[in-house]
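Handing you this structure, nothing more for now.
Chain nomenclature is as follows: A, B, C and D, assigned in order of appearance, with residue numbering initiated at 1 for each chain independently.
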Amino acid sequence: MPPDATVRLFGPAREAAGTAALRWPVPPEGLAARDLVHALARAHPRLAPTLRVSRFLLNDELLTRLARRVRPGDEFAVHPPYGGG
Amino acid sequence: MPPDATVRLFGPAREAAGTAALRWPVPPEGLAARDLVHALARAHPRLAPTLRVSRFLLNDELLTRLARRVRPGDEFAVHPPYGGG
Amino acid sequence: MASIRLSPRRLSCAAACAELEGPGLGGMVVFAGRVRPDRSRVGRVAALDYDVHLAPAARALRDLARLAERRYGARRIVLWHRVGRVTTGEISVIVGAACPHRAEAFAAARFLIDELKATVPIWKAERGRPARRPRRPPSRERARGSG
Amino acid sequence: MASIRLSPRRLSCAAACAELEGPGLGGMVVFAGRVRPDRSRVGRVAALDYDVHLAPAARALRDLARLAERRYGARRIVLWHRVGRVTTGEISVIVGAACPHRAEAFAAARFLIDELKATVPIWKAERGRPARRPRRPPSRERARGSG
(Lines give C-alpha, C1' and ligand atoms only; values in the text may rest on other atoms or scores of the structure.)
Protein backbone atom coordinates (compact mmCIF):
# COMPACT_ATOMS: atom_id res chain seq x y z
CA MET A 1 0.00 0.00 0.00
CA PRO A 2 1.59 3.36 -0.99
CA PRO A 3 1.88 5.99 1.76
CA ASP A 4 0.04 8.59 -0.36
CA ALA A 5 -3.54 9.14 -1.48
CA THR A 6 -4.21 10.26 -5.03
CA VAL A 7 -6.14 13.50 -5.45
CA ARG A 8 -7.78 13.77 -8.87
CA LEU A 9 -8.75 17.24 -10.04
CA PHE A 10 -11.40 17.66 -12.74
CA GLY A 11 -12.58 20.50 -14.94
CA PRO A 12 -12.03 23.94 -13.40
CA ALA A 13 -10.12 22.36 -10.47
CA ARG A 14 -7.65 20.84 -12.91
CA GLU A 15 -7.32 24.15 -14.76
CA ALA A 16 -6.76 26.06 -11.51
CA ALA A 17 -4.13 23.65 -10.18
CA GLY A 18 -2.49 23.12 -13.56
CA THR A 19 -2.52 19.36 -13.05
CA ALA A 20 -5.01 16.48 -13.24
CA ALA A 21 -3.67 14.60 -10.18
CA LEU A 22 -1.63 15.09 -7.05
CA ARG A 23 -0.09 12.59 -4.70
CA TRP A 24 -0.94 13.58 -1.15
CA PRO A 25 0.67 12.08 1.95
CA VAL A 26 -1.83 10.80 4.50
CA PRO A 27 -1.10 9.00 7.80
CA PRO A 28 -1.82 5.27 7.95
CA GLU A 29 -4.91 5.88 10.09
CA GLY A 30 -6.19 8.30 7.42
CA LEU A 31 -7.17 11.95 7.29
CA ALA A 32 -10.71 13.33 7.45
CA ALA A 33 -11.84 14.42 3.97
CA ARG A 34 -12.60 17.85 5.43
CA ASP A 35 -8.99 18.25 6.60
CA LEU A 36 -7.66 17.10 3.25
CA VAL A 37 -9.77 19.74 1.46
CA HIS A 38 -8.50 22.46 3.80
CA ALA A 39 -4.90 21.34 3.28
CA LEU A 40 -5.39 21.38 -0.50
CA ALA A 41 -6.78 24.92 -0.37
CA ARG A 42 -3.79 26.09 1.69
CA ALA A 43 -1.27 24.45 -0.61
CA HIS A 44 -2.98 25.68 -3.82
CA PRO A 45 -4.64 29.04 -3.12
CA ARG A 46 -5.91 29.31 -6.73
CA LEU A 47 -7.84 26.09 -6.10
CA ALA A 48 -9.63 27.41 -3.00
CA PRO A 49 -12.66 29.08 -4.71
CA THR A 50 -13.32 25.95 -6.76
CA LEU A 51 -13.02 23.67 -3.72
CA ARG A 52 -15.74 25.70 -1.95
CA VAL A 53 -18.31 24.80 -4.68
CA SER A 54 -17.14 21.24 -5.36
CA ARG A 55 -18.35 17.83 -4.35
CA PHE A 56 -15.93 15.03 -3.49
CA LEU A 57 -15.72 11.35 -4.32
CA LEU A 58 -13.77 8.74 -2.38
CA ASN A 59 -12.86 5.75 -4.57
CA ASP A 60 -15.56 6.76 -7.11
CA GLU A 61 -18.33 7.06 -4.49
CA LEU A 62 -19.87 10.43 -3.69
CA LEU A 63 -18.96 11.59 -0.18
CA THR A 64 -22.00 12.76 1.76
CA ARG A 65 -20.07 13.13 5.04
CA LEU A 66 -16.72 14.96 5.03
CA ALA A 67 -15.80 13.20 8.28
CA ARG A 68 -14.99 10.09 6.17
CA ARG A 69 -11.27 9.26 6.32
CA VAL A 70 -9.01 9.21 3.28
CA ARG A 71 -6.37 6.50 3.69
CA PRO A 72 -3.11 5.68 1.86
CA GLY A 73 -3.93 4.25 -1.56
CA ASP A 74 -7.36 5.89 -1.71
CA GLU A 75 -8.45 7.99 -4.67
CA PHE A 76 -10.02 11.30 -3.70
CA ALA A 77 -11.72 13.21 -6.56
CA VAL A 78 -12.68 16.87 -6.73
CA HIS A 79 -15.87 17.52 -8.76
CA PRO A 80 -16.63 21.15 -9.51
CA PRO A 81 -20.19 21.80 -10.79
CA TYR A 82 -20.80 19.72 -13.92
CA GLY A 83 -21.05 21.20 -17.38
CA GLY A 84 -21.07 18.66 -20.18
CA GLY A 85 -22.94 18.84 -23.46
CA MET B 1 -63.28 24.52 -71.13
CA PRO B 2 -65.00 21.26 -70.11
CA PRO B 3 -68.62 21.49 -68.96
CA ASP B 4 -67.83 19.77 -65.64
CA ALA B 5 -65.99 20.71 -62.48
CA THR B 6 -63.70 18.17 -60.83
CA VAL B 7 -64.46 17.26 -57.24
CA ARG B 8 -61.43 15.81 -55.45
CA LEU B 9 -62.09 13.76 -52.34
CA PHE B 10 -59.34 13.23 -49.77
CA GLY B 11 -58.82 10.96 -46.81
CA PRO B 12 -62.06 9.87 -45.13
CA ALA B 13 -64.09 11.56 -47.90
CA ARG B 14 -62.32 9.41 -50.49
CA GLU B 15 -62.86 6.29 -48.38
CA ALA B 16 -66.57 7.10 -47.90
CA ALA B 17 -67.22 7.78 -51.59
CA GLY B 18 -64.98 4.95 -52.80
CA THR B 19 -63.30 7.26 -55.30
CA ALA B 20 -60.66 10.02 -55.29
CA ALA B 21 -62.41 12.25 -57.85
CA LEU B 22 -65.81 12.92 -59.41
CA ARG B 23 -66.74 14.93 -62.47
CA TRP B 24 -69.62 17.19 -61.56
CA PRO B 25 -71.73 19.11 -64.08
CA VAL B 26 -72.01 22.81 -63.36
CA PRO B 27 -73.75 25.49 -65.44
CA PRO B 28 -71.54 27.95 -67.34
CA GLU B 29 -72.35 30.71 -64.85
CA GLY B 30 -71.23 28.39 -62.01
CA LEU B 31 -72.79 26.94 -58.90
CA ALA B 32 -72.36 28.27 -55.35
CA ALA B 33 -69.94 26.06 -53.39
CA ARG B 34 -72.64 25.64 -50.75
CA ASP B 35 -75.07 24.20 -53.33
CA LEU B 36 -72.39 21.90 -54.73
CA VAL B 37 -71.74 20.51 -51.22
CA HIS B 38 -75.46 19.92 -50.67
CA ALA B 39 -75.78 18.17 -54.03
CA LEU B 40 -72.77 15.96 -53.22
CA ALA B 41 -74.31 14.97 -49.88
CA ARG B 42 -77.61 14.05 -51.58
CA ALA B 43 -75.88 12.02 -54.30
CA HIS B 44 -73.52 10.23 -51.86
CA PRO B 45 -75.31 9.86 -48.49
CA ARG B 46 -72.28 8.06 -46.97
CA LEU B 47 -70.25 11.20 -47.68
CA ALA B 48 -72.64 13.52 -45.82
CA PRO B 49 -71.18 13.21 -42.28
CA THR B 50 -67.66 13.87 -43.59
CA LEU B 51 -68.80 16.88 -45.63
CA ARG B 52 -70.24 18.46 -42.48
CA VAL B 53 -66.77 18.55 -40.83
CA SER B 54 -64.74 19.33 -43.95
CA ARG B 55 -63.17 22.45 -45.38
CA PHE B 56 -63.16 23.13 -49.11
CA LEU B 57 -60.60 24.40 -51.59
CA LEU B 58 -61.33 25.95 -54.96
CA ASN B 59 -58.37 25.58 -57.34
CA ASP B 60 -56.04 24.90 -54.37
CA GLU B 61 -57.17 27.95 -52.40
CA LEU B 62 -59.04 27.57 -49.13
CA LEU B 63 -62.64 28.75 -49.43
CA THR B 64 -63.63 31.07 -46.62
CA ARG B 65 -67.02 31.95 -48.18
CA LEU B 66 -69.24 29.15 -49.50
CA ALA B 67 -71.05 31.68 -51.71
CA ARG B 68 -68.06 31.50 -54.11
CA ARG B 69 -69.06 29.98 -57.46
CA VAL B 70 -67.60 26.78 -58.86
CA ARG B 71 -67.36 27.01 -62.65
CA PRO B 72 -66.74 24.47 -65.40
CA GLY B 73 -63.08 23.41 -65.35
CA ASP B 74 -62.63 24.34 -61.71
CA GLU B 75 -61.17 21.92 -59.19
CA PHE B 76 -63.14 21.69 -55.97
CA ALA B 77 -61.41 19.77 -53.13
CA VAL B 78 -62.93 18.28 -49.99
CA HIS B 79 -60.59 18.37 -46.97
CA PRO B 80 -61.74 16.40 -43.93
CA PRO B 81 -59.82 17.17 -40.71
CA TYR B 82 -56.10 16.54 -41.26
CA GLY B 83 -54.24 13.67 -39.72
CA GLY B 84 -50.73 13.17 -41.07
CA GLY B 85 -47.68 11.99 -39.19
CA MET C 1 -33.02 26.88 -45.30
CA ALA C 2 -35.70 24.24 -45.40
CA SER C 3 -35.80 20.80 -46.99
CA ILE C 4 -39.39 19.89 -47.90
CA ARG C 5 -40.25 16.44 -49.22
CA LEU C 6 -43.54 14.71 -50.05
CA SER C 7 -42.70 11.44 -51.72
CA PRO C 8 -43.43 7.71 -51.74
CA ARG C 9 -39.73 6.97 -51.18
CA ARG C 10 -38.35 5.66 -47.90
CA LEU C 11 -37.22 8.24 -45.39
CA SER C 12 -33.79 8.10 -43.76
CA CYS C 13 -33.09 9.63 -40.41
CA ALA C 14 -29.40 9.71 -41.32
CA ALA C 15 -30.16 11.80 -44.41
CA ALA C 16 -32.23 14.17 -42.27
CA CYS C 17 -29.28 14.61 -39.89
CA ALA C 18 -27.05 15.52 -42.83
CA GLU C 19 -29.49 18.28 -43.87
CA LEU C 20 -29.25 19.84 -40.41
CA GLU C 21 -25.49 20.33 -40.24
CA GLY C 22 -24.01 23.77 -39.81
CA PRO C 23 -21.03 24.98 -37.77
CA GLY C 24 -22.85 27.71 -35.82
CA LEU C 25 -25.86 25.56 -35.02
CA GLY C 26 -25.33 24.41 -31.44
CA GLY C 27 -28.44 22.26 -31.18
CA MET C 28 -30.32 20.06 -33.59
CA VAL C 29 -33.36 17.92 -32.90
CA VAL C 30 -34.77 15.28 -35.22
CA PHE C 31 -38.11 13.57 -34.74
CA ALA C 32 -39.04 10.45 -36.72
CA GLY C 33 -42.47 8.84 -36.60
CA ARG C 34 -42.79 5.16 -37.38
CA VAL C 35 -45.89 3.12 -38.29
CA ARG C 36 -46.75 0.89 -35.35
CA PRO C 37 -48.43 -2.54 -35.59
CA ASP C 38 -51.29 -1.46 -33.33
CA ARG C 39 -54.50 -3.36 -32.91
CA SER C 40 -57.43 -1.45 -34.36
CA ARG C 41 -60.76 -2.04 -36.06
CA VAL C 42 -58.88 -3.41 -39.11
CA GLY C 43 -57.20 -6.02 -36.90
CA ARG C 44 -53.43 -5.73 -36.55
CA VAL C 45 -52.31 -2.70 -38.57
CA ALA C 46 -50.08 -3.82 -41.46
CA ALA C 47 -49.69 -0.46 -43.18
CA LEU C 48 -50.96 3.09 -43.33
CA ASP C 49 -52.06 4.67 -46.59
CA TYR C 50 -51.23 8.36 -46.66
CA ASP C 51 -53.42 10.48 -48.91
CA VAL C 52 -51.89 13.89 -49.63
CA HIS C 53 -53.24 16.92 -51.50
CA LEU C 54 -49.84 17.69 -52.94
CA ALA C 55 -49.78 21.36 -53.96
CA PRO C 56 -51.56 22.72 -50.86
CA ALA C 57 -49.55 20.36 -48.63
CA ALA C 58 -46.22 21.53 -50.05
CA ARG C 59 -47.32 25.14 -49.60
CA ALA C 60 -48.41 24.47 -46.01
CA LEU C 61 -45.02 22.87 -45.25
CA ARG C 62 -43.15 25.86 -46.70
CA ASP C 63 -45.28 28.22 -44.59
CA LEU C 64 -44.61 26.08 -41.54
CA ALA C 65 -40.85 26.19 -42.13
CA ARG C 66 -40.88 29.99 -42.44
CA LEU C 67 -42.87 30.25 -39.22
CA ALA C 68 -40.36 28.07 -37.35
CA GLU C 69 -37.48 30.12 -38.72
CA ARG C 70 -39.06 33.33 -37.43
CA ARG C 71 -40.36 31.99 -34.14
CA TYR C 72 -37.43 29.81 -33.02
CA GLY C 73 -34.51 31.12 -35.04
CA ALA C 74 -34.24 27.77 -36.84
CA ARG C 75 -31.60 28.00 -39.59
CA ARG C 76 -32.01 24.51 -41.05
CA ILE C 77 -35.32 22.68 -41.20
CA VAL C 78 -36.40 19.26 -42.43
CA LEU C 79 -40.07 18.51 -43.20
CA TRP C 80 -40.42 15.14 -44.89
CA HIS C 81 -43.55 13.01 -45.20
CA ARG C 82 -44.25 9.80 -47.05
CA VAL C 83 -47.06 9.61 -49.61
CA GLY C 84 -49.02 6.41 -50.28
CA ARG C 85 -48.55 3.08 -48.51
CA VAL C 86 -46.15 2.87 -45.58
CA THR C 87 -45.79 -0.57 -44.04
CA THR C 88 -45.48 -1.24 -40.33
CA GLY C 89 -42.05 -0.44 -38.91
CA GLU C 90 -41.21 2.10 -41.59
CA ILE C 91 -40.79 5.82 -40.99
CA SER C 92 -43.73 7.91 -42.21
CA VAL C 93 -42.54 11.35 -41.17
CA ILE C 94 -39.34 13.16 -40.19
CA VAL C 95 -39.11 16.71 -38.92
CA GLY C 96 -35.96 18.41 -37.73
CA ALA C 97 -34.59 21.78 -36.75
CA ALA C 98 -31.12 23.17 -36.14
CA CYS C 99 -30.81 26.32 -34.05
CA PRO C 100 -28.04 28.15 -32.23
CA HIS C 101 -29.21 26.71 -28.88
CA ARG C 102 -30.85 23.52 -27.69
CA ALA C 103 -34.04 24.87 -26.11
CA GLU C 104 -35.08 26.47 -29.40
CA ALA C 105 -34.21 23.33 -31.35
CA PHE C 106 -36.48 21.22 -29.14
CA ALA C 107 -39.29 23.79 -29.28
CA ALA C 108 -39.00 24.13 -33.06
CA ALA C 109 -39.08 20.37 -33.69
CA ARG C 110 -42.08 19.93 -31.40
CA PHE C 111 -43.84 22.82 -33.12
CA LEU C 112 -43.11 21.38 -36.58
CA ILE C 113 -44.58 17.93 -35.89
CA ASP C 114 -47.61 19.26 -33.97
CA GLU C 115 -48.44 21.81 -36.68
CA LEU C 116 -47.77 19.33 -39.47
CA LYS C 117 -50.38 17.00 -38.02
CA ALA C 118 -52.92 19.77 -37.47
CA THR C 119 -52.52 22.00 -40.52
CA VAL C 120 -51.11 20.07 -43.50
CA PRO C 121 -53.57 18.29 -45.84
CA ILE C 122 -52.43 14.73 -45.20
CA TRP C 123 -54.73 11.88 -44.15
CA LYS C 124 -53.96 8.37 -43.05
CA ALA C 125 -56.06 5.23 -43.33
CA GLU C 126 -55.22 2.00 -41.54
CA ARG C 127 -54.83 -1.18 -43.55
CA GLY C 128 -54.94 -4.48 -41.72
CA ARG C 129 -53.97 -8.01 -42.42
CA PRO C 130 -55.96 -11.02 -41.35
CA ALA C 131 -54.91 -12.33 -37.94
CA ARG C 132 -52.54 -15.27 -38.50
CA ARG C 133 -54.20 -17.37 -35.82
CA PRO C 134 -57.88 -16.57 -35.32
CA ARG C 135 -58.90 -17.03 -31.69
CA ARG C 136 -61.74 -19.48 -32.42
CA PRO C 137 -61.01 -21.28 -35.66
CA PRO C 138 -64.18 -22.91 -37.03
CA SER C 139 -63.83 -26.63 -36.28
CA ARG C 140 -64.83 -29.21 -38.88
CA GLU C 141 -67.65 -30.35 -36.59
CA ARG C 142 -69.03 -26.87 -36.13
CA ALA C 143 -68.72 -26.11 -39.84
CA ARG C 144 -70.65 -29.26 -40.66
CA GLY C 145 -73.26 -28.59 -38.02
CA SER C 146 -74.03 -25.14 -39.38
CA GLY C 147 -73.79 -26.24 -43.06
CA MET D 1 -31.93 -0.97 -24.05
CA ALA D 2 -29.43 1.84 -23.75
CA SER D 3 -26.33 2.65 -25.76
CA ILE D 4 -23.82 4.49 -23.55
CA ARG D 5 -20.62 5.89 -25.00
CA LEU D 6 -17.84 8.07 -23.58
CA SER D 7 -15.09 8.21 -26.15
CA PRO D 8 -12.76 10.56 -28.04
CA ARG D 9 -14.14 9.28 -31.36
CA ARG D 10 -16.38 11.35 -33.60
CA LEU D 11 -20.12 11.03 -33.05
CA SER D 12 -22.51 10.27 -35.89
CA CYS D 13 -26.13 11.28 -35.79
CA ALA D 14 -26.84 8.62 -38.40
CA ALA D 15 -25.41 5.93 -36.13
CA ALA D 16 -27.55 7.21 -33.26
CA CYS D 17 -30.66 6.93 -35.44
CA ALA D 18 -29.78 3.31 -36.20
CA GLU D 19 -29.62 2.53 -32.45
CA LEU D 20 -33.14 3.84 -32.00
CA GLU D 21 -34.94 1.64 -34.51
CA GLY D 22 -37.70 -0.69 -33.41
CA PRO D 23 -40.99 -1.62 -35.08
CA GLY D 24 -43.27 -0.79 -32.14
CA LEU D 25 -41.58 2.52 -31.38
CA GLY D 26 -43.84 5.16 -32.91
CA GLY D 27 -41.71 8.15 -32.01
CA MET D 28 -38.00 8.77 -31.77
CA VAL D 29 -36.21 12.00 -30.97
CA VAL D 30 -32.50 12.63 -31.39
CA PHE D 31 -30.68 15.67 -30.05
CA ALA D 32 -27.16 16.52 -31.18
CA GLY D 33 -25.08 19.32 -29.68
CA ARG D 34 -22.35 20.90 -31.75
CA VAL D 35 -19.41 23.08 -30.65
CA ARG D 36 -20.07 26.64 -31.78
CA PRO D 37 -17.38 29.20 -32.73
CA ASP D 38 -18.63 31.67 -30.13
CA ARG D 39 -16.71 34.69 -29.01
CA SER D 40 -15.60 34.39 -25.40
CA ARG D 41 -12.75 35.39 -23.08
CA VAL D 42 -10.42 33.09 -25.07
CA GLY D 43 -11.25 34.95 -28.30
CA ARG D 44 -13.08 32.97 -30.96
CA VAL D 45 -13.63 29.44 -29.61
CA ALA D 46 -11.69 26.92 -31.70
CA ALA D 47 -12.37 23.83 -29.61
CA LEU D 48 -13.74 22.58 -26.32
CA ASP D 49 -11.74 20.23 -24.11
CA TYR D 50 -14.04 17.80 -22.32
CA ASP D 51 -12.70 16.42 -19.05
CA VAL D 52 -14.60 13.33 -17.90
CA HIS D 53 -14.37 11.27 -14.72
CA LEU D 54 -14.97 8.06 -16.59
CA ALA D 55 -16.24 5.44 -14.14
CA PRO D 56 -18.65 7.73 -12.25
CA ALA D 57 -19.78 9.32 -15.55
CA ALA D 58 -20.58 5.95 -17.13
CA ARG D 59 -22.48 4.95 -13.99
CA ALA D 60 -24.42 8.26 -14.00
CA LEU D 61 -25.36 7.74 -17.67
CA ARG D 62 -26.60 4.20 -16.97
CA ASP D 63 -28.69 5.51 -14.04
CA LEU D 64 -30.06 8.25 -16.28
CA ALA D 65 -31.06 5.74 -18.95
CA ARG D 66 -32.90 3.58 -16.44
CA LEU D 67 -34.73 6.64 -15.10
CA ALA D 68 -35.86 7.63 -18.62
CA GLU D 69 -37.03 4.08 -19.28
CA ARG D 70 -39.17 4.10 -16.14
CA ARG D 71 -40.41 7.67 -16.40
CA TYR D 72 -41.14 7.93 -20.14
CA GLY D 73 -41.42 4.32 -21.26
CA ALA D 74 -38.34 4.77 -23.45
CA ARG D 75 -37.37 1.41 -24.97
CA ARG D 76 -34.21 2.49 -26.79
CA ILE D 77 -31.88 5.17 -25.50
CA VAL D 78 -28.68 6.75 -26.79
CA LEU D 79 -26.34 8.65 -24.45
CA TRP D 80 -23.07 9.49 -26.20
CA HIS D 81 -20.51 12.12 -25.21
CA ARG D 82 -17.10 12.97 -26.58
CA VAL D 83 -14.04 12.94 -24.30
CA GLY D 84 -11.07 15.24 -24.87
CA ARG D 85 -10.73 17.89 -27.58
CA VAL D 86 -13.71 18.59 -29.85
CA THR D 87 -13.11 21.20 -32.51
CA THR D 88 -15.64 23.81 -33.58
CA GLY D 89 -18.42 22.44 -35.78
CA GLU D 90 -18.11 18.89 -34.47
CA ILE D 91 -20.76 17.11 -32.42
CA SER D 92 -19.89 16.83 -28.72
CA VAL D 93 -23.01 15.06 -27.48
CA ILE D 94 -25.93 13.00 -28.81
CA VAL D 95 -28.91 11.85 -26.81
CA GLY D 96 -31.91 10.02 -28.19
CA ALA D 97 -34.99 8.14 -27.11
CA ALA D 98 -37.50 5.91 -28.87
CA CYS D 99 -40.91 5.46 -27.26
CA PRO D 100 -44.31 4.17 -28.34
CA HIS D 101 -45.59 7.75 -28.77
CA ARG D 102 -44.11 11.09 -29.75
CA ALA D 103 -44.86 13.17 -26.64
CA GLU D 104 -42.89 10.76 -24.46
CA ALA D 105 -40.04 10.65 -26.96
CA PHE D 106 -39.69 14.44 -26.87
CA ALA D 107 -39.96 14.55 -23.06
CA ALA D 108 -37.42 11.73 -22.68
CA ALA D 109 -34.85 13.33 -25.00
CA ARG D 110 -35.21 16.68 -23.29
CA PHE D 111 -34.85 15.03 -19.88
CA LEU D 112 -31.74 13.13 -21.00
CA ILE D 113 -29.82 16.18 -22.22
CA ASP D 114 -30.86 18.40 -19.30
CA GLU D 115 -29.93 15.77 -16.73
CA LEU D 116 -26.73 14.86 -18.55
CA LYS D 117 -25.57 18.46 -18.27
CA ALA D 118 -26.56 18.76 -14.62
CA THR D 119 -25.65 15.39 -13.12
CA VAL D 120 -22.89 13.68 -15.11
CA PRO D 121 -19.24 14.43 -14.18
CA ILE D 122 -18.19 16.08 -17.44
CA TRP D 123 -16.58 19.51 -17.68
CA LYS D 124 -15.73 21.64 -20.67
CA ALA D 125 -13.02 24.24 -21.11
CA GLU D 126 -12.90 26.65 -24.04
CA ARG D 127 -9.80 26.80 -26.19
CA GLY D 128 -9.32 29.78 -28.46
CA ARG D 129 -7.20 30.58 -31.44
CA PRO D 130 -5.53 33.91 -32.04
CA ALA D 131 -7.72 36.28 -34.05
CA ARG D 132 -6.59 36.08 -37.69
CA ARG D 133 -6.72 39.85 -38.14
CA PRO D 134 -6.13 41.80 -34.94
CA ARG D 135 -8.21 44.98 -34.91
CA ARG D 136 -5.25 47.34 -34.43
CA PRO D 137 -2.18 45.75 -35.94
CA PRO D 138 0.97 47.52 -34.77
CA SER D 139 2.04 49.68 -37.71
CA ARG D 140 5.71 49.97 -38.66
CA GLU D 141 5.62 53.64 -37.76
CA ARG D 142 4.06 53.04 -34.36
CA ALA D 143 6.41 50.15 -33.68
CA ARG D 144 9.39 52.39 -34.49
CA GLY D 145 7.97 55.24 -32.47
CA SER D 146 7.50 53.08 -29.41
CA GLY D 147 10.82 51.21 -29.89
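Definition applied: contacts are C-beta pairs under 8 Å (C-beta built on N, C-alpha and C of every residue); 3 or more make two chains touch, one makes a residue touch a chain.
Predicted model, so just to flag it, every value in this text is computed and none were measured.
Asker: Going only through chains that touch each other, what is the minimum step count from subunit A to subunit C?
Answerer: Steps on the shortest route: 2.
Asker: Roughly how far is subunit A from subunit D, going centre to centre by Cα mean, in whole Å?
Answerer: Once rounded, the distance between the two centres reads 27 Å.
Asker: Would you mind pulling out the distance in Å between where the CA atoms of subunit A average out and where those of subunit B do?
Answerer: 76
Asker: Subunit B to subunit D: how many Å between their CA centres?
Answerer: The separation of the two C-alpha centroids amounts to 51 Å.
Asker: Give the residues of subunit D that touch two or more other chains, as numbers and ranges in rising order.
Answerer: Touching at least two other chains: 33, 102, 113.
Asker: So which bits of subunit A are touching at least two other chains?
Answerer: 85
Asker: Using the contact rule from the top, write out all pairs of chains that touch.
Answerer: Applying the touch criterion to every chain pair yields A-D, B-C, C-D.
Asker: Show me the residue ranges of subunit A that touch subunit D in the complex, using the header's touch definition.
Answerer: Within the complex, subunit A contacts subunit D at residues 8, 10-12, 14-15, 20, 57, 60, 62, 77, 79-80, 82-85.
Asker: Spell out the part of subunit D that touches subunit A in their complex, as residue ranges.
Answerer: It is residues 33, 50-53, 55-56, 59, 81, 92-93, 113, 116-125 of subunit D that touch subunit A.
Asker: Spell out the part of subunit D that touches subunit C in their complex, as residue ranges.
Answerer: 13-14, 17-18, 20, 22-37, 88-89, 100, 102, 105-106, 109-110, 113
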